[in-house]
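What follows is chain A paired twice: with chain B in the first complex and chain C in the second.
Moving on, here comes the complex of A and B:
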């Protein structure tokens, strides 16, 4: 074997082994350790702990406030899900040769690059019951009867927070869709246009199937983001009033750091991992098999 | 093959050199080396940088180096310290609050022999099994800030009992609320939950005059039973919070917003720590009409007027320190004439050192003038047992204060639920 061939082998082996070793060290091992920790009563400080079997899992299922928090996550999930077609439509419009498209693209993406903590802090003043911009805006439009306790009414607080989340993340989805649309080969579109396809037919039968991989990614990102939402409720309401706007991750973090129960928090982390996979599988079946009536892919 | 052997040899030599270099730092002088000092306080950080703390320390210990680690805020500080504890990587010198001392007690060295500890007026009160594990940097008092001109116009006097305090709040809300629906008589940033601590954390101790209420609770099966100090305190708080004196949307505003509204005189009364004075001034308030008094919790003037004081920022040396002698020397130096008096002059908090008394800001001193017969209660924080029960039951007294204002909240049912969970937790944890 020549020197070049040996060097190539060494390069290929290192290029495979190093990432695999890093993946095992920083993802697989900690992931497996999470399962081990979920069977302990570790308080996050003590050098030793006891194995308590499935006690944490039982406790987790009996914790009403945790499941109330999960229900709050669902508000984020469904509102973001409803917005995905709108985001896709925005991307299609921005992809067309419209005047000022670059400006709109920048404006749409801007909320995503602003620091999340700063966004949440600014919105806490926007929705403030005293001198709040939202109420002032409604008053200026003569809609005083629509003024609300945006951050303290348990019936609407999650919708307020989900709105902030939409404001921040929708632009990110639009840009992802736009990138996928721009990477499509134009000859298919042109051929369809020559054959007389309408804008809707182009969108439904060419653009959407062509960017389905990105749609799947955005749908998955929506599940992951909705179940792991933390910074917006943490800063805007601290999960309150009571647990009315708490989320699964916020509750998990409080369990670990406020109440020193790392074992139980690890159990919740395991649960959220499984929930993300489960919801993704169900959503995939609903969208691909039921909604789009696709055959075996 | 020869090239490979050469490479291996080079690597081995490099490793040996590294070890040798590391080893050379270890000298026989215990006052040499590097110590890490972890802080969260922005004011302390600014003062350290502006006044070259490291340089001044090196004038006394020329072979020493200090690495100051500034952590974003105190919540992040505790999270970070917890993670570092499990990794055996605590800094040489760390701070504690009275409520975190029990959590880290196994990782702190006894500082009883230090002059700084014996000169500190509060350190003894926080000793664990006779060991001083942290030396309070300042003495923290709780005040009720108020606007004198608003009181005068509404025709109310500074209250000296709890019923008077409730009445004053109601009168202010009625008087100013009629003109301005956004007006708040008693400003507490309940959206953040923690700002209710003068009531939810300290009031039980102010009622019974004992600083270790939490630890007493840990010895009881049903501490929320009718007639207990904590229940009495929370019943009074509930009555006050639900009387409408917190404004139209008390759960919609956080501490920063309340602070700014108070500075703009849209809030008449603002209970908080001495540290808030600086924030009120920073918010642009004209403080010529600003006054303070201590929160009166007594039901009549026949009872003593109790005032809470707590040691704040308890400085300790950790068991993970490689240079414990140097770390102790740093603590000693920090509280000496070379550093502490200048720092004390920089902050609004009071001195915790007998050798360096500090005159209070005139606005804060008004509270002392209006309360000559006060009885000081040193807040002791929580011990091991209470912390364990609190973790098991998820008892969050600051959240409870905010929950009192939520729709459908039932105080009696909450007490009953807490009693049940408390009993179960004590049994499970085997606490006698």
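Moving on, here comes the complex of A and C:
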């Protein structure tokens, strides 16, 4: 038995060594190092730099363009939030017996699979100001007065970009909701149906409570996703015009790799981490302590 | 009752067809542009395909003729091959140990992996950049490979779920028969994980092929283009020539769409498993 226990130990140690070392060296250490860098004025290149205390944090809070960027993130957040009931409804529809459900399921998830850069350029063409499809579509419907500079009008551009984001990511949530619905015991549904429950009652009292955990995940995913919007504005507008369509992550990345202020950028990265964890905790309390408690009888 | 059901089925179909149109429209219009001549880009509506007799394959020929596209394809394949092999090798063994064994620092190791999931993706490069560059990996294929292997942890959830469904008695009898732990893992567990491995490989392939940021940041050299960064550079060079860029867009879309069409079931199952992690 002694040799067996030893063998076990050797196996566990030898097997976990590489993956754990990789994780620590390239994920955990860089993640924690952001905190240290946030107290420096490092430019990303120079071998030495000074520790400047909380100066970067002060600078960050006074940076109007960063706040503007954060406000833009909110557009993505709220539009995606508004979509969640729609996504849920879609999942319920796709889960019901209907002709073509399989095909529709394939289509609803397709945008999530397609290369994001290719999609962004496709939409850049779609919304282009010269011979753009969106304007042509409006003209065809007799709605010329709604034609816009979709990607250069500061008061519209974020909605255009958030629409692209909705197009790309909504299907992901539909598939998650659908999986949650399908993992639900079918006999309960049937029993309720036999007892004369209407579709709405089924949805409200059986389906919704049983997918609350997935709703929980989708809400958190939405927050994390909205805070980290990057590639859509990066490709389509690069945050412009001015900072009108910049986002927190895009602004952070530019602060580091374009303006060589790695110290300040690290501070912003810490802020993103902080916001994600904070919202995660708040949401956990809200959903598990308040909402689920009620639903549990 | 019957008319009510017919009506509800009609509404459902209507809603779903609208969804399909919204999904297809931007792709279809890009495809229309990709088979138009420069003159037809101006003369025909962006909503319509060109007249049949003026359909052209010239835009595709031009993109396919670009040497950098082949380079991008090759680089993407190399990155994929290495990332997948290491991800599968490390992912299977890590998930197996975490799921099946108790050891002293288990809680610590698990919380490390949980922490890894919480660290935001893009902004971590601010501090990771100097580590990767310090290792001399800047402008090499090693940079994305290392980052994909070390940083993307979704395979652990897929493997752990799968392992939890494999009977423990299998392990016990193999050990009683005198099999070593590594032998047990390599000869019994690893082959049993094949379906999960298929799922992991397909999902990772899609993520890696589609990734823009890591190759863009770490490999600016022309020779190190991936399919995605090829398209970015191509777009900058084609300023204003939407018909050629459209052909490029369609070509770059194809690999992952093809994977999706072929392996849809795996992909959907894996995506769900990657999300539902407690």
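As a convention for this text, the second predicted complex is superposed on the first by the 251 of 297 C-alpha atoms of A that agree within 3 Å, B and C clash if a C-alpha of one lies under 4 Å from a C-alpha of the other, contacts with A are read in each partner's own complex, and residues count from 1 in each chain.
Assume a residue touches a chain if its C-beta (ideal position, glycine included) is under 8 Å from a C-beta of that chain, and two chains touch if they have at least 3 such contacts.
Remember, it's a predicted structure, so these values are computed and weren't measured experimentally.
Asker: After the superposition on A, what does A:188 contact: first (chain B), second (chain C), both or neither?
Answerer: neither
Asker: Kindly classify A:286 by the partners it touches after superposition: chain B alone (first), chain C alone (second), both, or neither?
Answerer: neither
Asker: Thinking of the overlay built on chain A, is A:99 touched by chain B (first), by chain C (second), by both, or by neither?
Answerer: The second partner, chain C, only.
Asker: Have a look at where A:82 lands relative to chain B and chain C in the superposition and call it first, second, both or neither.
Answerer: The answer is neither, since A:82 touches no partner chain.
Asker: Scan A:242 for contacts with chain B and chain C and give back first, second, both or neither.
Answerer: So A:242 only meets chain B here.
Asker: In the overlay, work out which of chain B or chain C sits against more residues of chain A.
Answerer: For chain A, the partner with the higher number of touched residues is C.
Asker: So, does A:278 touch the first partner chain B, the second partner chain C, both, or neither?
Answerer: Neither partner.
Asker: If you stack the two complexes on chain A, which partner ends up touching A:122: first (chain B), second (chain C), both, or neither?
Answerer: Second partner only, chain C.
Asker: Thinking of the overlay built on chain A, is A:111 touched by chain B (first), by chain C (second), by both, or by neither?
Answerer: second
Asker: Once the shared chain is lined up, is A:146 touching chain B (first), chain C (second), both, or neither of them?
Answerer: It touches nothing on chain B or chain C.
Asker: Where on chain A do the contacts from chain B and from chain C line up?
Answerer: On chain A, the residues that contact chain B in one structure and chain C in the other are 44, 125, 128, 131, 257.
Asker: Could you list, by residue number, the parts of chain C that touch chain A in their complex?
Answerer: My answer: residues 8-9, 12-13, 15-16, 19-20, 22-27, 29-30, 33, 41-42, 45-47, 90-91, 93-94, 96-97, 101, 103, 109, 112-113, 115-116, 118-132, 146-147, 149-151, 153, 175, 180-182, 185, 206, 209-210, 212-213, 217, 227-228, 231-232, 235, 242, 245-246, 249-250, 252-253, 256-257, 259-260, 264, 267-268, 271-272, 275-276.
Asker: Of all residues in chain A, which touch chain B in the complex?
Answerer: Going through chain A, the ones touching chain B are 43-45, 47, 124-125, 127-131, 149-152, 154, 237-238, 240-242, 244, 257-261.
Asker: Can you list the residues on chain B that touch chain A in the complex?
Answerer: These residues of chain B touch chain A: 75, 78-79, 82-83, 85-86, 103-104, 182, 184, 190-193, 247-254, 257, 261, 266, 387, 390-391, 394, 396, 399, 402-403, 405-407, 409.
Asker: In their shared complex, at which residues does chain A touch chain C?
Answerer: 4, 7-12, 15-16, 18-20, 22-31, 33-34, 37, 44, 90, 93-94, 96, 98-100, 104-119, 121-123, 125-126, 128, 131-133, 136-137, 140, 167, 171-172, 175-176, 179, 199, 214, 217, 221, 224, 227-228, 230-231, 235, 249, 252-253, 256-257, 262, 265-266, 268-269, 272-273, 276-277
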